[in-house]
Amino acid sequence: MRRFSALIGFALFAAVMLIAVPLALAGQGYWLTVLTTAALLAFGSLGVWLTFSIGRINIAQGAFALIGGYVVAILGTRYHVSFWLSLPLAVLIAAAVARLVGWPILRLRGVYFAMITLSLTEVASLAFLNGGSFTAGASGITSIPRPALLSSSLSIYLASALLLLIGIALAWRFAASPTGAVFRSLRQGEELAASLGIDVARYRLLAFVVSSGMGGAAGAMFAAFQQNIFPTSYTVNDSVNFMLYCFLGGLQSVAGPVVGAFLLVIAFQLLSVIQRFQALLYGIFMIAAMLFLPNGLMSLPQVLAARRHERDAVVPPR
Amino acid sequence: MSLLEIEGVSRRFGGLLAVNDVSFAVETGEILSVIGPNGAGKSTLFKLIAGFLKPSAGRILLDGKRIDGLRPHTIAARGLVRTFQETTVFREMTALENVVVAHHLRRRGSILAELLATPGVQNEQENFVANAKEILAHLGLSGFEDESARNLPHGHLRALGIAMTLAVRPRVILLDEPFAGMNSEETARAVQIVRGIRASGITVVLVEHDMGAVMRISDRIIVLNFGTLIASGSPAAIQQDETVIDAYLGRADETAAL
Amino acid sequence: MKRAAAVKRRHVLAAAGGLAAVAAGLGRPAIAAMKTFRVGVLGVMSGPDAAWGLHNKFCAIATANMYNAVGGFEIGGEKYGIEVSAMDDQLDPKIAVAGAEKLTQEDGLRYVIGPNVDTTALSIKPVMERNKAIYIPYAFNKTLYTPPAENAILGMIASYEAGPIIYEYLIKTRGIKTIAFLAANEPDPLNQQQAGVAAAEKLGLDVLVKDATYQASATDFFPVVSPIVKKKPDLLVLSGVAPATAPLLIKAARELGYKGLLSTETAQDIKILTEGAGKYAEGFISVGGASTPEIRSAYMESFVKEYAKAAGQWDDEAGTKVYALEMVLHTIAKAGPQAIDDTSVYKAAIDSFTMPNPFLKSASTLQYVGQAYFGQKRQIGVPMVVNEVKDGSFQTLFVGSVA
Amino acid sequence: MAQILIDGSVLSASYALIALGITLIFSIMRLLNFAHGELFMIGAFMVYYVYGAWHLPFVLGLLIAALVPALIGACFEKFLFRRVMRVATREENSMLLAVGTAILLDNVALFLFGEEQHGVPETISGVLQIAGGFLPYQRLVVVVMSLALIALLLGFVQFSRPGRAMRALAQDRDAALLMGVDVDRTSMLGFAIGAGLAGLAGGLLVTIQGVNAGIGVDISIKAFIMIMIGGAGVVSGALLGALVLGFAESIGYSALPGSETYLLIFVALVLFLIIRPQGIMGHPWG
């Protein structure tokens, strides 16, 4: 039953993203751009959400977005490789890097993992900054060719929306599959999981690699859509934001990061008056959420229901 | 050849020799208890056998094949599974989910098949669920399947922990203080459960403080003191053993003096 | 890491005042009745670098208010009210693209002032070129202004243009023979460093240090500066140095015993310099706003007042940015009303355009320049004022110009 | 060579205050204080206003630079962290809360202080020359005061009653509770002292580096690096981390131009953590 209603929700969301939005906003490049941004950020956040599910706070997604972006940029500008080939390559390379660094760093937990992933974002940015002529250093890579078939705002939007839908389906299937249950078990007790025969190192690496591959895809799409990439295109702040979208939307459900990314990106575009307060509001919002809604925005209905229940109940339950 | 052989195993932490040249063997189908005063090295020994620690010296063999140095999940796959001293379960899952996850080693589907939810994978999951329900019922946990583990009473949590180990279908099970903190009624039930496990063909090794339960349940007992094996034998023989009595009494004196 | 480059204090109230000013301009019935010309401002208006974009915004608002107060600006015999739409890009390329799309497509604007740095300017380049919208970045990347790109007009003197002029002046007046360069490892400063080295070599200077860099977020410059001052150059150029960093570098160099000259090609803030470097700031040479008090016309004085009304206070660093909207308006007036919606008409008028510079006391002309660097005239020919710190304030050393 | 030694010592001494503060909070609360750099920045601004803008004595500025962040820290502990840590179901919660406080302080500072770079006059001018190296007296003052403060703190933790309570709490929370340590009060005190140390470091360094509202993140990252090197929650580790980072910077910057230094520091850090995830002095974790 729950699965059925989730399917309906997904179908509705897909219909809105792929049919209603294009019909309503076809000529409006600006809103399409905003939604493209939201969709790609949400996609990247879904990866971070997967690492949250194994109990790791991942502040490295900016690094992998940077890697994905540079793969597309270097292949596209120097070797004239089609975007449609370099996109999967970007995913593979980001995933390969994640596999390499993930093995040692995933032994760390809690704040240590958070600190080391935060450092990774810095490493990536500095590495591209000091990459010499290969990465073009601080001046970044500009004039990345637009991908074939993606010359208009609408087509870029559709591609991003499609990517997001694939991402949601992927994360959702992961969460619902036995592998997802293994992920959740790791979060609650790695030793216990190991004693039950679960190869802990392998599964947490799997989550991190999938997550980073998604970060790479998001960065690749962004690079193609903005047609440029710089070492500072993704900083620690971006990595933290990827994490915040998950957290503010809610870590319990796949919809969390999507809700978080769309809500925050769109709300701050709509309320341009408060744009200057955006970061301040993030801060206040986070603290308030931590105090009153520790399970994210998606838990608001439950919390409200619980409140109402408490208020209406003449005799307190049990 | 014994099922499980511990040969001259030592483990050093800095200057402390927590386990010192311990050797013993476990035969198929027996219940063997490891006892000893606090800090005697029992828990360390368990961790060494289950692969959570690597021995500084010595060999551990399961079916005549070395398992020392292997990682815990590989040892579990070979058929040796431990429980934990604390009532460790996955607290944010339901009882049923806990036991279903424990079927991990029997999963056959690839990740791709799982993501696509192929009929094979679905079938397999249904089997796991059915089997998990059976195990839960067997351990007296029917009716708690959909209860979040975090809400289960203490005694049920330990049963759930054992249920999860059984789902792995081990040949040897290491129980770390299965009777700790139980009243006599609960202990009696737990003793029945452990006997049931043995009856189903699983060899049991347990660490325990509750002497009454140990004497009732064990086929054989080994005694550790300061990391060294000081005695082994039948419950009756151990109860008469001078060194064992000294070890326990010595400690008791120290405790009283404090 | 967050850019440590902080520029100029921004007042919250002042910003709110600016918004109110825009709203007031819209509400005036006289303006509602006439045609309006809308111009966009896209730049960083929040966060540590907010001053850069806010300068653009308040300069545009000040110019708009001045014309609106006298009944509008005349294009093709008709008066136009002027309306400013400002968008904050937060220095984030992603947001800059969305802002450019909004200004050009949703609002249908064909003229946009900004953005402030290479990353944001290069990000919106495809959008602007596609929509054939003129934009006036304050970023120095040459690809923005060189063909096939044709819609960007550099709003100020590029530092690579200022460098040679300053070095030549110092060779003549102070007899410098050796030079060293130090830059932050960021796009703008690095480009400026390279251009500076090339210019210095062309002038026959002995370049002792070519590629010394420091991390943009560094705070202690002793380790960075000491190897350079050991070589004792006559002139140490702090290429593209951020106002926040300049005093720290100057102080470090002097404390390490450096006796030569120090200069930069970017605009600095005298208060930050003297507060951060104290007496060591004396003699530091930098490029000033294009409207220092000594050379201001009466029109500039009234502009300064109008700016202060909108922003809360005048800011000398905004002096380089007073020209953009003025040039756009007068070029359109010259090209004819079609230019409002068709920028090709505007671009055709660029080559021959000149107007008297209203901001300077002395008679001078404003025109488009940049042929030498970009192969086409895609730069506003603002006067280049070079300052030296004397007794804790800027003094004009000389006024130059670029071709 | 002399210059490298001088620079390394100056950096290490001031970094040590930062590292000690964050490690103190960590050891007592098991909490990574993401807002540490922001507290440093606030301390720096306090000295800027009191000493730089209002021309009151520098020492008074330092005092306020310690007190204001300490008060902020105490309030954070009492009203935010204590509450969240008590009810938190996931260990992420307290860390995310810490990220929230960092973002909040960053932006409040931006509003209150503006984004402009500020500096203060030297408290003492002149440059000392030793063995061909330059050491401005101001930097000497910073080193001496840092060392004095470090000694004071170590003495306090070692010998005072509240200091002993903190150590007990750091060792074992439950045992400390049994021993009659007032956990709530000690936690609040520990957070306040840690935050005060960050503020003091900022207040001292503003005389050398100046301050602007954006420096918080960079300082926090440096603090993280130091406790990762030395091991989190261990005093000796914090001091060692500061020494390693200070000299890595001074050697790196004079040997390598620009940002390669930090790239190398980060890469070395990751490699080092692979070999020794608990840092040099830390106990194993993770």
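Every chain is named by a letter (A, B, C and D) in the order it is written, and numbering of its residues begins at 1.
As a working rule, a contact is a pair of C-beta atoms (placed from the backbone, for glycine too) under 8 Å apart; a residue touches a chain by one contact, two chains touch by 3 or more.
Keep in mind that what you see is a predicted model, and the values were worked out from it rather than measured.
Participant: So which chains count as neighbours of both chain C and chain D?
Facilitator: Joint contacts, listed by label: A.
Participant: Let me spell it out: compute each chain's centre from its C-alpha atoms, then which one is farthest from chain C's centre?
Facilitator: B
Participant: Looking at A-D and A-C, which one has the bigger number of contacting C-beta pairs?
Facilitator: Result: the pair with more contacts is A-D.
Participant: So which chain ends up closest to the centre of the protein, judged by Cα positions averaged per chain?
Facilitator: Answer for the innermost chain: A.
Participant: Using mean C-alpha positions as chain centres, tell me how far chain B is from chain C in Å, no decimals.
Facilitator: So the centroids are 73 Å from each other.
Participant: What's the distance between the Cα centroids of chain B and chain D, rounded to whole Å?
Facilitator: Each chain reduced to its C-alpha mean, chain B and chain D end up 46 Å apart.
Participant: Which whole number of Å gives the spacing of the CA centres of chain A and chain D?
Facilitator: Centres of chain A and chain D (C-alpha means) sit 32 Å apart.
Participant: Roughly how far is chain A from chain C, going centre to centre by Cα mean, in whole Å?
Facilitator: Each chain's C-alpha centroid was found; their separation is 36 Å.
Participant: Using the touch definition from the top, which residues of chain B touch two or more other chains?
Facilitator: Residues 92.
Participant: Where in chain C do residues touch two or more other chains at once?
Facilitator: Touching at least two other chains: 1-2, 47, 50, 185.
Participant: At least two partner chains per residue is the criterion; list those residues in chain D.
Facilitator: 89, 110-111, 217, 221, 258-259, 262
Participant: When you draw the chains as points and link the ones that touch, which shape shows up: line, ring, star, complete, or other?
Facilitator: Drawn as a graph, the chains match no named shape, so other.
Participant: What's the complete list of touching chain pairs for this entry?
Facilitator: Pairwise, the chains that meet the contact rule are A-B, A-C, A-D, C-D.
Participant: So in the complex, which bits of chain A are touching chain D?
Facilitator: Touching chain D: residues 52, 57, 101, 104-105, 107-116, 118-120, 122-123, 126-127, 129-130, 236-237, 240, 244, 247, 251, 277, 279-280, 282-287, 289-291, 294 of chain A.
Participant: Going by the contact rule set out above, which residues of chain C touch chain A in the complex?
Facilitator: Going through chain C, the ones touching chain A are 1-2, 15, 19, 45-47, 50, 87-88, 90, 93-95, 97-98, 101-102, 104-106, 118-119, 122-123, 125-127, 141, 143, 185-187, 190-191.
Participant: With touch defined as at the start, can you tell me which chain B residues reach chain A in the complex?
Facilitator: Those residues of chain B that touch chain A are 50, 52, 71-74, 76-77, 81-84, 88-93, 97, 100-102, 104-105, 107, 109, 111, 114-117, 121, 125, 164-165, 167-168.
Participant: Which stretch or stretches of chain A touch chain C in the complex?
Facilitator: 27-34, 37, 122, 129-130, 137-140, 142-143, 146, 153, 222, 225-228, 230, 232-233, 235-237, 269, 272-273, 275-276, 278-279
Participant: Report the residues of chain C in contact with chain D in the complex, numbered from low to high.
Facilitator: 1-4, 6-12, 47-51, 185, 211-220, 222-224, 226-227, 243-245, 247-248, 255-257, 269, 271-272, 275-278
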